[in-house]
Amino acid sequence: MSDDQIAVHDPHAKPATYVEADAVDRFENPGLPPHRPRRADVDEQAAKRAERQVATMFTLSILGTLGFLVCYFVVDPELRGSLLVIGEMNLYHLILGLTMAASLLFIGLGAVHWAKTLMPDTEVVEERHLQASDQESRDEAAGILSDGYRSAQLHRRPVLLLTAGGALSLFALPMALQVAGGLGPLPGDTLESTVWKRGMRLMIDPSGAPIRPEQVTQGSVIHVMPEGYVGDTHGEDAPSALEIMEAKATASVLLVKLNPEDIQSQKQLDWGVDGIVAYSKICTHVGCPVALYERQTHHLLCPCHQSTFDMTNDCEVIFGPAKRPLPQLPIMVENGYLVAADGFAEPVGPSYWERG
Amino acid sequence: MSKLAAYRRSPIALIVLLFLGLAFTGTAYAALQPTAPSDTYAASGAAADDVEEGRKLFLANCASCHGTNAEGKTGVNTAGPSLVGVGSAAVDFQVGTGRMPMAAPGVQAADKPTVFTDKQIDQLGAFVDSLGPGPSVPDAQYTDLVNADIANGGKIFRTNCAMCHNSSAQGGALTRGKYAPSLMNVEPKHIYEAMLTGPQSMPVFNDATLQPQEKEDVIAFIKNIEEGGNEYGGHSLGSLGPAGDALFIWTIGIGLLIAAAVWLGRKAA
Amino acid sequence: MTTIPQGAEAVRDRTPTGTSSDDARPSLPPPLVWADDRLGVAKGMGLFKKVFPDHWSFLLGEIAMYSMIICLITGTFLTFWFVPSMGHVIYDGSYVPLKGVGMSEAYASTLDISFDIKGGLLIRQLHHWAALLFIVGIALHVARVFFTGAFRKPRELNWVIGTVLSLLAIIEGFAGYSLPDDLLSGTGIRAMNGFMSSAPVIGTYMTFFVFGGEFPGEAIIPRLYIAHVLLLPALLVGLFAVHIFLVFWHKHTQYPGPGRTNTNVVGFPLMPVYTAKAGGFFFIVFGITALISATVTINAVWAYGPYDPSQVTAGSQPDFYMWFSDGALRLLPGWLEFELWGFTWSFNIFLGSLLLLPLVWIILGVYPFIEKWVTGDNREHHLLDRPRNAPVRTAIGAAAISIYLVLAIATINDILAIKLHLSINDITVALRIAFFLLPVIVFMVTKRLCLSLQRADRDLVLHGTETGRIQRTPEGRFYEVHEDLDAHDRWHLVQHEAQHPLSLTAGPDTDEYGVAKPRGMAFKVRRALSEFYFRDRVDPVTPSELAAAHHHGEAEALPGGHAEAIEEARAEETLSLRSDDRH
């Protein structure tokens, strides 16, 4: 009955476009069920017991608070121990946490138990009124608006409305421009190259040792950074910490030796040294380091989104969301060490609009 | 012998080898001591009849897949790689962790309790060593974790290992059902051997890529995790990162709160 | 009742003016008199008489609200020690495995909070667990509001505010998750950088502006920090204030039940019951969060190590609320990226990130308006729907959740692969298929389930409950005596109305002279949608049906009481329903 009545009472309701369920043939709302008293309502003993329980909970909360205060100073912050289920952990942390939990939890449990057992539990009915104002109020509101509009002479001087609107809609632009303009430099061609240059030695990450080709045995994998960006970086013209981070994000390389017979691409062979090939470690999807090298399949897997690259086929994508192969770094031998023969021929890392 | 050739890289190793050889001749039962593995390795390197014993074990347990001369086979259910030149380190790892012999053909051999005694494993290793030079079982000084630098191990681990094995060494997935196993409760020498030989999908980290001391640092870093060195704030939920947190908060966490809410909304007795 | 009122009963029976002998007419305490002199607060005390209906599901929103407050409290503490800087330092704190390792000040200060500030780890874990609970609470609250139709007029605006709040909450969560600058969160920022660069035209500029240059730069942590501690909390708290004000303004919805109508609220007054219950619940939420924080680790940043763009950990996931987006990226195939007109179009990336996020929230935000357009229902609704009584809405919600879950689960495909010994490739392919298939199945199953539950309700009303008493008829047949539901129990099952599709209610397309009515495309779409929503339905039992059922004993009751035309139109599609009704 309720919904139907509302529909009738609502002065602003559009004519209903659905058939009212047969308004006559409906059950009547039987009204609130009779109130059943709780034990604490009729039994003073039960009420007393509830009172004791609530008081006990509040007392436990007080004890928890005091416990926290004492333990904060008394217990050794380095205290460790092994517990059932949890295992090894810092006990100082546990004690502080448990006392704090007791301090909070028992206030809550006490208050709710109090409300449930001793506070009134007869349901109260509050009337609800339609949100919409009546027509009189609406007319009055319309009058106020119209008066304002007219007394500001907007109806006679529309140019004021236009210019004020224009000014108000534009005034924030200088501030927006200041923020946007100052946030960062324009990209320019930053993304197109890395720090790799011809003749730069390949260094083991993180030790910073140079690599002789004979050290790279088949099946091994070496994580490589360009010379100067790894190991001891405290020299006179050493790169800053920021530059090193940027180099790690773009110039880190994976060095692998494959059986030259397995390599399917002539370019890949030419850019390597006797089957030793170097590939960018930065995924062409969204830039995670693709470093999971399976030595049996020669597949490289990205742990972030599972793009899989085939190292024997110039790191073409064979599974997952990446599209482009990992770029190869051309390498050669100079003075017995592996060095870059050139920088990367294409941008490394995630795709971007201007990459083309 | 290939064994000696491998040890020759380190001058200390020679002294240790001499010492261990003396220890072997002096104490006959030392070879049976499981807690002193280094003694047995020295033994395996020296005795010729170990090679013969190992060959017998090999023929009985391994030859069906690896071939009678360990040359490798390519059958459907009996494909095994050649073991020429894999070295005793590979044997000690594969057999010592129970990966070999494989229970059934599969994408990857899983670890399980080993079926061989330490002595038998050494004999197998001696046989495989005799086929061609390869990496040998590590020297005890690199697996005792004395003077290891945990922090340096952590740096190396995060660069070389964490992407497959997870930063807490709990393991991770590879392609097509293969996986990098958890490194918890693995003997230091087996971790060392795995780095040295690159079992299955794992790449090789030879002594030029990761020096023996660096390998020891890595092992110390892993052992620190295993011993609860990362446990501060309570149950670690399997160290699975946000996946464990999500599972917990969507079950027990919110479950507790909903239970409290249901209790709150229910009429008291 | 003959018992003499005691205990709480005695208090309740007292009239508001206070007639009992030992209690004089109450007067305002002095501080309130002082405040009333200046602010007239006494006039506002009527607020405490406001009535709130009691139901556990109404507390899901409170869980979110209280978790947010816990986050605000603990977060403020954390700002005292956290250093939002990417400046390079060498760690020299008490955590041995990172001693001497180079890292950002942000990461170093997070380690200090965890290891060198007493109780710092507890506050950190409280903050993070409460943040997760905040979003779990929001998710369940949204589900409750959706499935009960609480978003209907007049609450559409509050639904929109709520969806914006939930979006802000996950952005706030992501920003906070990124601040410690550990290897895991750094990988998340790296991925975010990738999402941004995939945007057509503006992508590269966007990343350079957000990151202050090339990734990673030194600007992103300070910028995320100010967003996390100032911008987003200000928006969250401000919008939340409006959200909760509107709840007061509209008065809370209530579940249908005897005595509950669309024009009343039945429940308990704010003073004292709801003050105690809601206030107490705050402490329960806080206490349970503290209990969890004391015993369960969250985000052990020290285990991940400092962020280094050349490193990564297996099992890299964001916190769960970003899973659907990350999962979409794992499922989208690479061929969605292509070059056109000399530019790179990375649909494989921005479809799952930059487009998916706004798309999900726009769909969520406009749903009430779509449903209202379809039903044409312009009435106010303060009584909630039982989810089974709105089968298609419930099925839509369930299907949407299933899509969300497929995407979310895709994010843990690597964890599933290793824990369940499956191939990560197989899981990914299976989830790609499930993304298209599962929602359809879930929709159909849920809808059928709702209809069946409604039919079960009908059966219960028509046939009553089984008493377990067996009686023998004079002819020698045995039957079990069924007992009618009492009026209060029955009301739960018969109070709703079944909506009928537009095709039945808007009349034929031609008028009485056979001339086509001017009906546009919009009407046809609307009619089709209405058909989709309300074609299959089960009407609640009417008194005459119940009477008929009584008349026929334990025989059958026809769904009836409707106009002939409707019966005819329904005949075909509801054949199964009706036959089910008959037994």
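First chain written, first letter: the chains are A, B and C, and each begins at residue 1.
In this text, a contact is a pair of C-beta atoms (placed from the backbone, for glycine too) under 8 Å apart; a residue touches a chain by one contact, two chains touch by 3 or more.
The shown structure was predicted, so the numbers you read here are calculated from the model rather than taken from an experiment.
Asks: Could you name the chain whose CA centroid falls nearest to the centroid of all protein CA atoms?
Replies: That would be chain A.
Asks: Which two chains does the highest number of contacting C-beta pairs join?
Replies: If you count contacting C-beta pairs, the leading pair is A-C.
Asks: So, what's the distance in Å between the C-alpha centres of subunit C and subunit A?
Replies: Averaging C-alpha atoms per chain gives centres 19 Å apart.
Asks: Counting in whole Å, what is the centre-to-centre distance of subunit A and subunit B, each centre being its mean C-alpha position?
Replies: 36
Asks: Give, as an integer number of Å, the spacing between the C-alpha centres of subunit C and subunit B.
Replies: Here the centre of subunit C sits 47 Å away from the centre of subunit B.
Asks: Among the residues of subunit A, pick out those that touch two or more other chains and give their numbers.
Replies: Subunit A, residues with two or more chain partners: 38, 40, 86, 89-90, 93-94, 97, 108, 112, 116-117, 121, 205, 223, 289, 291-292, 303, 306, 319.
Asks: Could you say which residues in subunit B touch two or more other chains, in rising order?
Replies: Residues 155, 159, 163-164, 172, 174-175, 180, 231-236, 260, 264, 266.
Asks: Multi-chain contacts in subunit C: which residues touch at least two other chains?
Replies: Residues 121-122, 125, 277, 280-281, 284-285, 288, 293-295, 297, 308, 310-316, 413-414, 424-425 of subunit C each touch two or more of the other chains.
Asks: How about subunit A: which of its residues touch subunit B in the complex?
Replies: Residues in contact with subunit B: 38-40, 80, 82, 85-90, 93-94, 97, 108, 112, 116-117, 121, 204-207, 211-212, 215, 217-223, 256, 289, 291-297, 299, 301, 303, 306, 308, 319.
Asks: Across the complex, what residues on subunit C touch subunit B?
Replies: 54-60, 62-63, 96-101, 114-115, 121-122, 125, 129, 132-133, 136-137, 140, 183-184, 277, 280-281, 284-285, 288, 292-300, 302-305, 308, 310-320, 323, 412-415, 417-418, 421-426
Asks: Note which residues of subunit B are touching subunit A in the complex, please.
Replies: Within the complex, subunit B contacts subunit A at residues 155-156, 159-160, 163-164, 172, 174-175, 178, 180, 198, 200-206, 208-209, 211, 214, 227-228, 231-236, 260, 263-264, 266-269.
Asks: Using the touch definition up top, name the residues of subunit B that touch subunit C in the complex.
Replies: Its residues touching subunit C are 107, 150-151, 154-155, 158-159, 162-168, 170-177, 179-180, 221, 224-225, 229-237, 239-243, 245-246, 248-250, 252-254, 256-258, 260-262, 264-266.
Asks: Which of the residues in subunit A end up touching subunit C in this complex?
Replies: Touch list, subunit A to subunit C: 1-3, 5-7, 10, 12-14, 16-22, 25-27, 29-33, 37-38, 40-44, 46-47, 72, 77, 86, 89-90, 92-94, 96-98, 100-112, 114-131, 180, 183-187, 190-191, 205, 223, 225, 241-242, 245-246, 248-250, 252, 281-282, 285-289, 291-292, 303-307, 317, 319-324, 349-356.
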